Amino acid sequence: MLIQLNPTGVLDLLSQLEVDLLEQSSASERYRLFRNCALAVLNVGSHTDESSDIYDKYQDFDIRLVSRERGIKIELINAPDTAFVDGEIITGIHEHIFSVIRDILFICQKYEKDLKEQKAITHMVFDMLRNADALKVNSEPSMIVCWGGHSISEVEYKYTKQVGYELGLRGLNICTGCGPGAMKGPMKGATIGHAKQRIKNNRYLGLTEPSIIAAEPPNPIVNELVILPDIEKRLEAFIRTAHAIIIFPGGAGTAEEFLYLLGILLHPENDKQCLPVILTGPKQSEAYFKELCHFIEMTLGVEALSKFEVIIDNPQLVAQKLKSTMANVRDYRKSQGDAYYFNWTLKIENEFQQPFIPSHEQMANLDLHLEQPKQLLAANLRRAFSGIVAGNVKEEGVKAIKQHGPYILSGEPSLMKAMDKLLQAYVDEGRMKLPGSKYVPCYTIKA
Amino acid sequence: MLIQLNPTGVLDLLSQLEVDLLEQSSASERYRLFRNCALAVLNVGSHTDESSDIYDKYQDFDIRLVSRERGIKIELINAPDTAFVDGEIITGIHEHIFSVIRDILFICQKYEKDLKEQKAITHMVFDMLRNADALKVNSEPSMIVCWGGHSISEVEYKYTKQVGYELGLRGLNICTGCGPGAMKGPMKGATIGHAKQRIKNNRYLGLTEPSIIAAEPPNPIVNELVILPDIEKRLEAFIRTAHAIIIFPGGAGTAEEFLYLLGILLHPENDKQCLPVILTGPKQSEAYFKELCHFIEMTLGVEALSKFEVIIDNPQLVAQKLKSTMANVRDYRKSQGDAYYFNWTLKIENEFQQPFIPSHEQMANLDLHLEQPKQLLAANLRRAFSGIVAGNVKEEGVKAIKQHGPYILSGEPSLMKAMDKLLQAYVDEGRMKLPGSKYVPCYTIKA
Amino acid sequence: MLIQLNPTGVLDLLSQLEVDLLEQSSASERYRLFRNCALAVLNVGSHTDESSDIYDKYQDFDIRLVSRERGIKIELINAPDTAFVDGEIITGIHEHIFSVIRDILFICQKYEKDLKEQKAITHMVFDMLRNADALKVNSEPSMIVCWGGHSISEVEYKYTKQVGYELGLRGLNICTGCGPGAMKGPMKGATIGHAKQRIKNNRYLGLTEPSIIAAEPPNPIVNELVILPDIEKRLEAFIRTAHAIIIFPGGAGTAEEFLYLLGILLHPENDKQCLPVILTGPKQSEAYFKELCHFIEMTLGVEALSKFEVIIDNPQLVAQKLKSTMANVRDYRKSQGDAYYFNWTLKIENEFQQPFIPSHEQMANLDLHLEQPKQLLAANLRRAFSGIVAGNVKEEGVKAIKQHGPYILSGEPSLMKAMDKLLQAYVDEGRMKLPGSKYVPCYTIKA
Amino acid sequence: MLIQLNPTGVLDLLSQLEVDLLEQSSASERYRLFRNCALAVLNVGSHTDESSDIYDKYQDFDIRLVSRERGIKIELINAPDTAFVDGEIITGIHEHIFSVIRDILFICQKYEKDLKEQKAITHMVFDMLRNADALKVNSEPSMIVCWGGHSISEVEYKYTKQVGYELGLRGLNICTGCGPGAMKGPMKGATIGHAKQRIKNNRYLGLTEPSIIAAEPPNPIVNELVILPDIEKRLEAFIRTAHAIIIFPGGAGTAEEFLYLLGILLHPENDKQCLPVILTGPKQSEAYFKELCHFIEMTLGVEALSKFEVIIDNPQLVAQKLKSTMANVRDYRKSQGDAYYFNWTLKIENEFQQPFIPSHEQMANLDLHLEQPKQLLAANLRRAFSGIVAGNVKEEGVKAIKQHGPYILSGEPSLMKAMDKLLQAYVDEGRMKLPGSKYVPCYTIKA
């Protein structure tokens, strides 16, 4: 089955030079990346986080750029049925396909592969968000970044919907990392809340990256999708667009995000930043958060606990608190001459911007000792969890584990013990992978 | 607690003469009706269909019109908390309050109480819909009227959401009678479907009437609410705005609607009408529909069976069929020079327009014999079920039952037996009233 | 040549009952009125103010309502070419045609012929403006009513354009009585000013009445046209929608408007009203305004002079003054709880609301003596000028003059002398009729 | 007097990197260019085409970029009063200021100074138009490029307004080179035509370049302003965005444009292009066009005459013809798979793209002989007229003439004689410079 699609967004107005470059790019070594991301967004609704399952199932899927005098078209061959309604592609998915082309093939041409400078990296993140029309100049602070696991319990999922509903009732918008679970619930809830408040310009921003998109494809409710080139730029995009952050229960990925955030908030120059952070979940998740706080206190110290708040089983309170702090966020930005749509004044050290590629060697070499500056420890812990996410669900990581066995993590015994305990809890609670298979850890902790 | 609200819709632009009349009207014998309807829309989300419970609970609730040089304002005193988010009324409910004022106090002034003529009654229905901005001149056929019970099982409720989702994905709009159950599910499902298709002008039309609104308050998702003066005008509004009709499982009210519809479709002048009707439910509802079809066949004959289709457990098929028939509906209307937004050519006999007030006497006198024209039988059966709805959930009816005991229905034994069987099934399946109390029938069948 | 037009505005959504009534109305004694008004708006751009010329020229013109199941259509037969561009009617004129139907055939059905009560008359004026969507609820004070002659010099015409341009640059809107000269210039100028300020919701409101519309047809720039039933309701519409008033040089009609305005502003209850009035014209019009002020002082006293300001040859200053008083207007309305879009608190005595039909007898009987309350004198003088306008350009008036000779105006000699002088100046300056014919006065002044 | 302005268009969303670059650019050698262009757009309405007059008059004018955390602001010091209304800058001029920054300081950073390749130059033209939001993806062919003199007679000016009015009535849009005369008239006329047709998305596109902008500043009606870097890119922008071209009477600049156009249309690959060209003016301009056609026939041959049509004194016919050919333009573009908003298939040889800098040497060396391919001759003649425009009104050219005396043009005697005659006619008719000074030719013709 062959389907043709017209371009949307910035891609509907290209020069012949740009069309030529796009064609070359799509025929180059980027093709595989591009095809896989396209397949991921088409395959939404499938119930697996095993990238290889998806790629195996749709081996005969193909996507082609067709150039015309006046621009490009897309041809899809053997695309998953779930993307279509009576033969017509769902509009949300249609847009996502062109987000893939925009971010994977088009805008990347402007940037050299390995940006080093802090300012240049931040510019790239900004430029990609702007190019995706995800920066709204004239809007008040309202973007709530929601982090949390893709594999969570039904009770937790319903809770994320309720929180989203209460946020939506208060006119707040949602940003997540795409995918199922805690990344989908808040958007679905908010959709109903927005409908009751007659809000038409509601925003459901999805920020993802190529290596995670297959395991966590964007739900079509996501009405602004940006695919950042790597996890570090994605994390920077999250915290520079956030006006507040909610952390739901999750697994290693959520831990990675949380550690990244704390590492940055602990920087002395960010002392006065106004960026509210709330950890929340249903009654059943209380133990989970206790465990997590315990780990944070032990590793990053008591100061880190002051950077966030924990609210158990009270969606309304979460939404009320965040709604009422939006005025503070606005005042703070105004006092700094900063934009509302992008947090320029937030200090992000190069340490947090440089991509970490979790090879077995890199993982083994991580400096996991308590006696180092808190920020560096946060950065290293973040990398450890990042590696575990890769080993769990990212194509490259899964392959490496198959080939070389689990990552070896070693360091200070008390720290190792704490990590082991935390991770084991995630395994026991089914947070590492979607249900349906037995989880085999991709790591070994060595004290 | 006192809350002031500014007018919305047509009421934000009134002359001083109109303001005077409104004030007088709100202080007149209409006040009680007006107050109770306002309370009903404020009280959405409560879990009871017992009007008296609501009225008892909020005895100190009051609503007042305040006139100013330039128009009116509303004051709410001791309104239910559920209508508010952090002290601000939910926008959807704010709109509903002014729909109540518009339909109960304002537009009614134009009409004498008992319209007799067919054309004048239809004009009134049209005028109320137009005045509520519920007739869209330039839109294609897309309005799916969904009927079904307010008290249905969880499985049935989920099914109505799925059907709504599939309708929404196909750009179809939803009209229901307001209230919970089968009247809320399709709208919630469609909201998600519309979001995925980026549809912004989605319509959730609620048609209700004063005596049912407390038991079945409009969900705030309803973005066009019209309160017709009685059940007969509400039924006419349903079928003249419908481009197709879905009937989910339900109780006596659903039966009433279905019988009304068949009575009209069986009129020879409506022979060529293009108005698709689908009965649908999950696997678990199969028996329910069999029973219903059996009753229809027995009473209205085989011909009546040709006016609708039954689809079990296939939300996608239901939506596909309706989507594809929209072109037929358009062609038919075009061929007749008829409007898309209002089915003028549908013949509705005065028999079906005249209000039926279910006193014990009227109920006892209903002519329930098989040997009469099918249309008349349909009209009489409709009245019988209408009375049962009143006895179940409408304030007047419940009072009458308390006072005089159950209605007595009598007629041809075979018909009476069939009715009894049908009604008993509704009772057994919990379709008569919301769970939480034992149902005591408001009727006695005498063969 | 036969042209079919689809309805616009409120007329695109009618019930069958309404269609029936419209058809009857168009076939009734209102037909001639309706046809003539339609012809007038089609004939815009013709250079005559002689109604009979127009009616003679287009004797074979016809307009017909065609009813369909879903509403009405219009058929034009032998309509003037100037209304069309390459066979398609100009959109502005298309809208005007349906304004005629709306105001002449449709809304009038709601009102009995001779409303007596003050409140009922004001309600009717309001209702007609609202029905024409000419009352904008959420807009700031900005409507500048511009009065002045249809027959003015080229220098004066250019001046009105310059004033309009300066008003447009300041975001102010224009309301006039339709027609050429001082009623067209401000709109053309404002169009350019609005364009430079990128204002898209610019308003050019035209208020007219059946007996004047042929002599002063609305220019298609007029984007809101309302045809009030008589001159008195039109005058009330003017001053209740005005946020300020400019008076350019003009003839008897302008004098009528000015006297009406002063009569009302002199009412003690209007003492605190905030309604700025500026008389303005080029250097060449200085004598004209001196003469006029002199007449006002002599008749209505010095107090009347305090109700307005004269600015000669300074379009920028006129616009600046009015722009800066808009804040006062808003504050005043707010302090009174009054609407911005309609001046409810302005007191208009029944004296000024009752239609004056200028028969020879009525004109002869006017009480034109200085020794009467200023308000009554203003009302009587207003009637005298109203009659002269009728005798000059209104069909009925012109006929009456042909038949019975000039009106006789008599009264206190000094007053009569002053009137004679003023009127003679109008004659000498060519303000009574468009150039092209010798003006024969329709009045005789008897001291 | 210091005025601060917030950014509009693409400049309201910049990264800190971009802000830094802008600041550097504004402080660099581009500052003078930027300041002068800004002054030009502020100085609209002045009545001189002598750049130096403007620059002399506003020596103390300054414009500064102010960077903030979230972007830039502009400060104007001692800006011309005419740009303001009661202390507030006219919105149209506000936008033009930021067009200057966008095109002079911002987008140019992406391009090296001397692009050589055909595809790269066309891409740059496209990119600048797109960046200015001047390419509308979903609109039908409607853009009429109007060329003609800045110094024309009152009769001719009125004629251009009438043509603009008739174009506007037909929903056509206007593109000119900015400035007074034939470049302003069509826009003013179209504004009235668009208003009568209730067209809200009317486009008045101005294409200019830095060296001409002071002599021909954009009228604030221009609602899309693009400042191309040189005359050649401006000419390419004109003909690639044009759906048709009108040529009014004009001087050397108009001749330059006309010769450029014919040079391109005579290219064999453009044989089937659908690009209607009409020369038109009032009765009084008939001789002018005869002279011009004669010159064209003599130099470029009879074939060139087939590329355009001359219509004298018939604005309506001009507009009708163009309106009716829009369908052909659309069909042609469709048949080629070409865009409606940009004529990609039009062949423009590098010869016509390379900037010509009219030094005395270059002018003297122009190959002005009849015996060369028509296209080359057109290119050389175009350059000769381009030089004369520079000598007449461009700052650099005027300086060079002051320093070195008139340009010497030499070549084939018959051709030289013809040129001399044509130019002398322009001089005699006052087309070279605005009235107010004696014109001293900046050229000497040597046979």
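Going by the order they are written in, the chains are A, B, C and D; count residues from 1 in each one.
Quick note on the criterion: contacts are C-beta pairs under 8 Å (C-beta built on N, C-alpha and C of every residue); 3 or more make two chains touch, one makes a residue touch a chain.
Because the structure is a prediction, the values reported are computed rather than measured.
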Taking a step as a move to a touching chain, how many steps at least join subunit B to subunit C? 1
Identify the chains in contact with subunit A as well as subunit B, in label order. none
Greatest separation from subunit C - chain, by CA centre: A
The distance between the C-alpha centres of subunit A and subunit C, rounded to whole Å, is 64
So how far apart, in whole Å, are subunit A and subunit D when each is placed at the average of its C-alpha atoms? 49
Compute the distance, rounded to whole Å, between the mean C-alpha positions of subunit C and subunit D. 44
For subunit B, residues that touch 2 or more chains besides their own: none
When you check every pair of chains, which ones turn out to touch? A-B, A-D, B-C, C-D
What part of subunit C is in contact with subunit B in the complex they form? 12-13, 15-18, 68-71, 119-120, 122-123, 126-127, 130, 135, 137, 336-339, 341-342, 344-345
Applying the document's contact rule, which stretches of subunit A touch subunit B when the two form their complex? 85-86, 90-92, 95, 169-170, 188, 191-192, 195-198, 200, 204, 220-221, 223, 320, 323
